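In what comes next, chain A is part of two complexes: it sits with chain B in the first one and with chain C in the second one.
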Partner chain A sequence: MAVSAYEVISTQTLSTTAATVTLSSIPQTYTDLVLVLRGTSTVDDTIMMQFNSDTGSNYSWTQFGADGGSGVFSSRGSGLTSFRIGYGNTGQGSHITQVINYSNATTFKTSLSRSNKGADDVRAIVGLWRNTNAITSLTIIQTSGSFATGTTISLYGIKASA
Partner chain B sequence: MTLRYDSRSRVSTYTQSWVSNADPDFGVFESIATTTVGASAVSEIIFSSIPANYKHLQVRGIIRNSVTEGNFRIQFNSDTAANYSHHQLTGDGSATASFAGSSQSYITSGNFSGVSGIFTGVILDILDYADTNKFKTTRSHTSFDRNGAGSVYFNSGNWRSSSAITSIRLFAGNDAFAQYSSLALYGIKA
Partner chain C sequence: MAAYNLIATTTVGSSGAASIVFSGIPQTYTDLKVVMSLRSNTADASSGYYFDVFLNGVSANRSGRYVQGNGSVIGNGSYTPWGVQTSGDMTASVFSSGEMCIPNYTGSSYKSFSTDSVQENNATLSRLVLVAGLWSDTAAVTSITLTAAAGLFVQYSSATLYGIKNS
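Let's turn to the complex of A and B:
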């Protein structure tokens, strides 16, 4: 029987609103992580991510996107205490972040995100954490407001062959 | 965090293949091969002898150019003729741009960084790679951030051949892949 390289690590549905959600004790047995965030926020604002509870200015991001009205845009942020993974909103949205080679201890960590607001926003984002430590926890932050009740957060692991 | 290793929670379409008294097939997304660059930079990474028993392929990983920023390029089945084309949408943090190339000898899948310590993330999908009735289509998300500069790339590519893909050559437009660059090939079953 073949074994899938793509497995669920955890999944949860928020029973109350939460401004931050931390997934800790992430196993080191995978190559990549995929975070799937599906739901709504109490206000329209950015969604950020931190690794290993590092609150230093060690993060940066670059994005491009389109909002259906004013055309395409591109922006970036540097020297930050977290990096952007999406734009939360009071309508339904889906946000997928791929943390690639999260468990190696030799390279800075690069993440690729896709964020979709059903009504009028789509964007792609790359994030950087300037730290070579293996990632053992991640925190998702709704910049203002909170993730709404019923929001689902799933973490998957992808395991490459040696 | 609660870790759930219940095998029935694994990502798969096992509900469609579950047969009473038979093993479920969890092999929907399978690792085929992985290459990690050692101390000496390499000019190309080739996945060969790719089995034909999947529906799609995905390449995932991190890459860094050994010298400076350059194209990330793709060829199939050692075909170096002008049978490829590509389109690109990109944003560099301040402006957006698009780019296209036709009758190329390779598919371009964005650029990758040459700055020390900065690795570019790559997710490349190769769709219906074994279908001998179709030209082959790729799509990719290739991006890097350098703390104050960066680029996000969305690319599509086409190989005008109906041959099943049995090998993939990934190479740099200039220079080489630096140490710790790592690319993994996965197969996805329908």
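Let's turn to the complex of A and C:
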């Protein structure tokens, strides 16, 4: 019998604007997590992520991409209280983040994001949380403004074994 | 419950094919993903290196932004071809790898999507391309067409369409 490796953990469509969205009580039964964010923001600005409500300076990120204004870019941030996963915009955007090996309690946690801000901005971002705790919750943050009504946020779990 | 479901898969036959088409896409999923392995019969210099994407067969109202590395330089631009494939004059038996994601394809908002594709071939020229695409149309996506920019997709080129449910 085929075994599903890719399962829904949670999904929600925002009925009001929200500056942050927290997904909690994440099951520890998967290997990787995939977050899919579809929709718009009330302003153009970065989208950040935080794990387990940790507000310490334990996050870093590196990105490269291109946009219609500055052309090709690469930048990074470290010693931060959250890490970047995308760039929100007032038009339609899609942002996908994979968190690898999130439930282990021995290694720091890394993520890989692909963010598309309409037709203007494309980027790939690697993120790091310097903490060995298993991830039990994640918070998505629109740096300024809010995620707009109608934005959909889905979290999937991927199993490496049956 | 499975969230990731096979909808259809296509492998090009010995005659080649100008396009790969997925039509009659069920409207019962949340997101779509296409996984591609492609090669054209046309030389790189003759536009054999890239493919085009049409949603619902429509060419209007598409826009995009790409970033590309080719082993020596990185570049970007806006254009309507949506990914790279192995060209006909690249190393034999090599096919590109790529995937395309279309979140919320049944919704009434404009469709934001992405493609990631590579054409590594153990030679001087290769490309890695990330694309952000936008189809400014409110129609639900019912078909996806991948078209070689020039010539044909060769035999054994393949594409597989998956539907992803969020409930």
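Everything below uses one rule, namely that the second predicted complex is superposed on the first by the 158 of 162 C-alpha atoms of A that agree within 3 Å, B and C clash if a C-alpha of one lies under 4 Å from a C-alpha of the other, contacts with A are read in each partner's own complex, and residues count from 1 in each chain.
Convention: a residue touches a chain if its C-beta (ideal position, glycine included) is under 8 Å from a C-beta of that chain, and two chains touch if they have at least 3 such contacts.
Here the structure is a predicted model, which is why all the values come from computation and not from measurement.
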Combined model on chain A: chain C and chain B, fit or clash: clash
A:V43 touches, of chain B and chain C: first, second, both or neither? neither
Dominant contact partner of chain A by residue count, chain C or chain B: B
Partner chain in contact with A:Y6 - chain B first, chain C second, else both or neither: both
Which superposed partner A:D121 touches (first chain B, second chain C, both, neither): second
Contacts of A:Y156 with chain B and chain C, given as first, second, both or neither: both
Touched partner set for A:N101, first chain B, second chain C, both or neither: first
Touched partner set for A:G68, first chain B, second chain C, both or neither: second
Clash-bearing segment of chain C relative to chain B, given 60-68, 114-122 or 132-140: 114-122
Chain A residues contacted in one complex by chain B, in the other by chain C: 4-8, 11, 64-65, 72, 114, 124, 156
Complex contact set, residues of chain B against chain A: 1-4, 9-12, 23-34, 60-62, 89-96, 117-123, 141, 143-152, 154, 180, 182, 184, 186
Chain A - residues contacting chain C, complex: 4-8, 11, 36, 38-39, 64-68, 71-72, 91-94, 96, 114-124, 150, 152, 154, 156
Chain B-touching residues of chain A, taken from the complex the two chains share: 1-12, 22-27, 31-32, 60-65, 72-76, 78-79, 83, 98, 100-101, 104, 106-108, 110-112, 114, 124-128, 130, 155-156, 158-162
Touching residues (chain side chain C, partner chain A) in the complex: 1-4, 30-31, 63-67, 74-78, 101, 103-104, 109-114, 116, 130-134, 164-167
